[in-house]
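Each of the next two complexes has subunit A plus one more chain, namely subunit B in the first and subunit C in the second.
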Partner chain A sequence: MIEGILINGLVKAGLYALLATGFSLIFGVTRIINLAHTALYMLAAYGLYYFGQELGLSLGVSIALALVVTVIIGALTYKLFIERIREHHMTVLLITLAFAIIFEEAMAREFSRDAVTVPSFISGYWEVAGVKVLIQRWLALGTAFVALIGLWLLLTKTKLGTAIRAAGQDAEVANLMGINVPRTFLITAGLAATLAAISGIVIGPTLGVVPHMWTDPLIMVMAIVVLGGLGSLKGSVIAAFILAYVEVIVCYSFPEHCYMSRAIALGAMILTLMVRPEGLFGTSFEEERL
Partner chain B sequence: MVHPSRKRDYKLISRLIRDFNGDVLTVPGRVIALIFVFVLLLFPLANNDPHILRILIMANIYVVFAVSWDLLSGYTGQMNLGHALFFGVAAYVAALLNIHYGLDPWLTIPIGGVAAAIAGLLVCLPALRLRGPYLALVTLALPFVAVAIVLLFKSTTNGDMGLYGIGRIFSSFEDPRDNMIVTYFFSLVMMLPSVLIMWKLTDARSSIVRLGIIFHAIREDEIAARACGINTVRYKFIAFAVGGFFAGIAGGFYAHFLRVVNPQDTLGVFLSFEVIMYTVFGGICSIYGAVAGVYFARAFVWDYLLTDVVEVDVGIKRMSLAIIMVLVLLFMPQGIAVWIRDKIEKTCPRCKLNNAFFRRNCRACGAELHVVKKKSIAPDMSSG
Partner chain C sequence: MKRLAFLLTPILVLALVLGGLACGDDDDDKAPTQPPTATTQPTDTSTPPPPPPTAAGTIKIGIIGPMEFVQGEHHWYGAQMARDEINAAGGISVAGEMYLIELERADSNELFSTADAVTAMERLITADNADFVMGGIRSEAVLAMQDVAMDYKTIFLGCGASEAELCARVKQDYDRYKYWFRVTPFSGLNLVKNVLFELGIAGAIITQGTGFEGPLKVAVLAEEAAWSEPVVGALNAFVPAKLGMEIVGVWKPSATATDVSTELSAIENSGAHIVVPILSGPVGIPYGKQLGELEIPVASVGINVEAQKVGFWDATGGYGNYMTDLNFYAQGVAVTEKSVAFVDAFIEKFDEIPTYNAGTYEAILLLKGAIERAGTLDTDAVVAELEKTDMIGPGARIVFTGNDTPEPHDITYGPGYATAIATQWQDGEMKCIWPNLGVDEWEGIMYDGTVMWQIPPLLAQRLSSE
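Let's turn to the complex of A and B:
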């Protein structure tokens, strides 16, 4: 049982971490609560299905196309709609929610509400310590790991990454320092969309792809981002592990109360925030006056 | 010779009439609100189709719910993404009291409201420590915890199936049509005073209740408000209790009107987002915005236009509403009602009184309203 908890928790945490870092990135840098973030994950999974199954393209091509299309949709939505109303916070919340609904309904019209299946990249199981896990899930975990390392390198080792972090800390001062803030924000939105698309592509084959698959992870992703501390990618990853493990442990210990796992994970988040209101790795309120 | 006290009475009445003429009839927005109330009151005379009345009763319930969210989140800035918690708590309390103890709606609805107000006070405890997005996400998580509690006590709450067989609001007449009309008036009796109270409570210019201006202050800069000697903790508690109470009234009415209370519909995350949707659509931080948002987006577009006029399936309905929202908010990010108000009213630059758009001078101080912008010396490309 312990092995089951450890391995399933790890795989679940990988997905959560990948989704949450994207959400946290766009949240921390541009201060947008992007409710359409997980809708992009859903779009990418459908993209993979469409290019791979309906058009019959090869796996590599369909992955690339699904990724590119999703990122373009994400960046365009930001550029055309969200950017011009960025200072009205509640309006942004509403518009991103509206877009998530539009994406969902568009997919439901195109592919019906029933689940479609995308074949795994590599089929079969891989047994570790007596726990059978689909190789696709290991692949997802590995991809998440690589993507997170890549993101970390991008943010810390490149000029673009420095610009993104600077714009996130103080957009006005960053602007004065000669950083093209609107462009940096657009790139951030694209990066976040990329992370969402990657997770959709690698996780899609292990789940049934349905139009409403974006609502379920959205709540957990938001909880993770807040628990980790706003804009802290390290915090998001650690919080992803905490909440994923809480869910898996509850499910394993009380199989008949598995439906409670989400509520208990969220309760854990609330209690943590009571002790540390700025999240695990966030800047405290005294330092940052919103 | 008129007795002095009688004289005072005449004075009061004449003052009221004068105020009505001067302060209500001269401002287009208030005239529209007045006409709207009269239309609502007289509506069953023109059309007593139960289907239409049903739409309007649901709209009235949602109005109270949306306005209570506006009071809490719009005015105080305590972003609450889980307002359905209060709605659901009151709906469950009202339903349980009615089913198990047989209490009448006129008792269960206020008790539900009080229960929701207590829930509001409890939610306020973490809210005191949290700010902005953190608070938003904690409040978003709370209804999930509430749903888990409902599912845990399956024997009392009937779990996922929900409670049913709750007593009707009004069912004394034989004809269900007449019952519907009376229920409609009961919904107005609930909605109009609730909205009026919340509107008066949040009136920033009121000299009797200081709540409105303090709520604004807390939203704009909490630290500055505290530095000015405002006990922000107390006012946050008040905001949560009042917001929770009225959301609870709406929830209790909902339970007795639809007679089914289940976790998805009363505690669901979509309900919380729905109320924000209507309020932001109409105009946040303005009570009338929430009212207009509900009547326009919910009653007119969703329940009438997309259900009765063009019959489409739910998917298309959701998509059309979402597209309408995007397009409207893109061009009027402050909300549809506030945008219209800005077009038909003009605030006096000197005394901050609202005037009709066609007036040239302020009705109170006579200051010029439309000050012509002086031509700037530098060529301004944007204004053409």
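Let's turn to the complex of A and C:
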């Protein structure tokens, strides 16, 4: 049982971390809480289905198209709708939620609400310590690891990364230093959309792809980002592990209450925040006010 | 740049809206007789021929269900078939005058929102003026919709929810709830009986086929929903007592979960030989796919409504092989003398095997009979005639339980009435495997087209090495 918890928790945590870092990235830099983030993950999964299964394109082409189209939608949504109201946080929340619902309804119209499935890139499973995990899930975990390392390198080792971090710390000063802040924000939105799209593409084949598949991850991603500390990428990764393991432990230990695993994970988040309101690696509220 | 963005904004919105509309058009292409979905739809008058001049009027029947899911779709398909058949024969005779059937389609969205379901029912009755309503699937939502229909004294023929309370209410307050009848499926306790029969067959074949002597271990995977609660309770009580099998645990994912791999991993860890799915929602697809792809050496024997669809095989990429489920229709299986023709016609028209929700076909036929016998559209008179129903439909002989039973107005269960069947996916084909080799009152009950249940090879391999 311990092996099952450890391995399933690891895989789930990797996937949550991939989604949560995109969400955290765009919040940390642009201060936007993008509720449509996981809807982009859903769109990418449908994109993979559409290009691969309905149009019959090769896997590589389908992945590329699903990725590009999703990133374009994410970037356009930011540029055309969110950028101008970026400072109005409640409006941003409502608009991004509206977009998520529009995307869901559009997919329901096109593909119905019945699940569609995408074949795994590599079918079968690998058994580790007596626990079977689909190869596709290992692939997803590896992809998450590579993507997170790539993001870290981008943010810490490149000029673009420095610009993104500078704009996130103080947009006005960054602007005075010659950084094109609006363009940096747009690139950040595109990066976040890329992470969401990668998640949808690698996880989609392991699930039933349905229009509402964005809602559960959104709740978990928000919880992870809040628990980790708003805007903290490191915090998001650690919080992803905590909540994923809480979920898996609940499912293994109390099988009749599997459906409550998320509620219990969220309960754990509440308890942690009671002790540390700013999250594990966030800026304290008092500090933020200053 | 700002100006460009300003210009592009409405274009993107327009594109999204048009995209949605275009998608709706595509839906119509897939099912030519199906109008675009919305909370309630315009009256469907596209398929049937125009009313002949002799028709005295129309009878409007509201079909309510989750129209973006297979359950609602099949409500609609079954109703369309009945309407076309009846209208082509001249309609329903009411005291010598012929009335044509008009269908009104309402999307209840009940898998996600009981509030939406209540609104859709309210609108169907008050704004669309449906004379009769039928459909529903999710018990929680149907209980709420039932109250709306009863408020308006509108006859509601249930075609999807198994909750016993729906019929118990008729006993508790006959004057209020007498307008409710359940056409399909039967109540939860009878669903359990069928699952026990399925398990009994599977258990016997596993024991004989592999020589396994120990008690078989059973894991229950039940979606979290009102209807599954009593089913799980009864399985916990009867599986060990009646079948001598051991229940190793009950796992409860959400009905709309898209991933059950953690639950399946835990089930494999439990040492289960048989998984009993109790699933009516879309979670049935990832369950079938992940169970097969992970090559978990178990037999799946229970209720999975998604597995009643012909598309289940493709949706699971073939990983749903050997899944065994309670069912109501299968191609080439003669539950009654009308079954084979009905299923063939359904497949020809919609390219799908009907799920139990297509019982709207039978609901309209028996409603026609009741109206014609009553000779009036007066609701109370029609209720009195519905109570006398004895009709052979494609899925069952339908006789409603009497007012002296604990759950009146339910479909009568058992040999000679409604039995349902069990089907198993065998290499891409849905085969009937039960009723078969019955005992007591089930002795000799076996429908044409029934075959033997097959042990999933992975389980056989595992048991022979244990």
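Basically, the second predicted complex is superposed on the first by the 288 of 290 C-alpha atoms of A that agree within 3 Å, B and C clash if a C-alpha of one lies under 4 Å from a C-alpha of the other, contacts with A are read in each partner's own complex, and residues count from 1 in each chain.
Here is the rule we use: a residue touches a chain if its C-beta (ideal position, glycine included) is under 8 Å from a C-beta of that chain, and two chains touch if they have at least 3 such contacts.
From a predicted model like this one, the values you see are computed outputs, not experimental measurements.
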- Task: Check whether A:256 is in contact with subunit B, with subunit C, with both or with neither, and answer first, second, both or neither.
- Result: second
- Task: Pick one for A:186: touches subunit B only (first), subunit C only (second), both, or neither.
- Result: neither
- Item | Partner chain in contact with A:90 - subunit B first, subunit C second, else both or neither | first
- Message: Per the contact definition in the header, classify A:65: touching subunit B only (first), subunit C only (second), both, or neither.
- Response: neither
- Query: Between subunit B (first) and subunit C (second), which does A:33 come into contact with in this model arrangement: first, second, both, or neither?
  - Reply: first
- Would you check which partner chain A:112 touches, where first means subunit B only, second means subunit C only, and both and neither mean what they say? second
- Query: Looking at the overlay, what does A:160 touch: subunit B (first), subunit C (second), both, or neither?
  - Reply: neither
- Message: Per the contact definition in the header, classify A:6: touching subunit B only (first), subunit C only (second), both, or neither.
- Response: neither
- Task: Applying the touch criterion given at the start, work out whether A:57 contacts subunit B, subunit C, both or neither, answering first, second, both or neither.
- Result: neither
- Note on the structure: subunit B and subunit C footprints on subunit A meet at residues 81, 84, 102, 105-106, 108-109, 113, 257, 259
- Within their complex, state which residues of subunit C touch subunit A. 2, 5, 8-9, 12, 16, 19-20, 23-24, 26-27, 37, 66, 68-70, 73, 111-112, 224, 249-254, 256-259, 261-263, 265-266, 268-269, 282-283, 285-286, 289-290, 293-296, 306, 311, 314-317
- In their shared complex, subunit C is touched by residues of subunit A numbered 1, 4, 8, 12, 76, 79-81, 83-84, 102, 105-106, 108-110, 112-117, 119-120, 123-125, 131-134, 137, 206-210, 212-213, 216, 247-248, 251-252, 255-259
- Query: So in the complex, which bits of subunit B are touching subunit A?
  - Reply: 79, 126, 129-134, 136-138, 140-142, 144-145, 147-149, 151-152, 223, 269, 273, 276-277, 280-281, 284, 315-316, 318-319, 322-323, 325-326, 329-330, 333-334
- Item | In the complex with subunit B, residue positions of subunit A that touch it | 27, 33, 81, 84-85, 88, 90-91, 93-95, 97-99, 101-102, 104-106, 108-109, 113, 215, 219, 222-223, 225-226, 230, 257, 259-260, 262-264, 266-267, 269-270, 273-274, 277-279, 285, 289-290
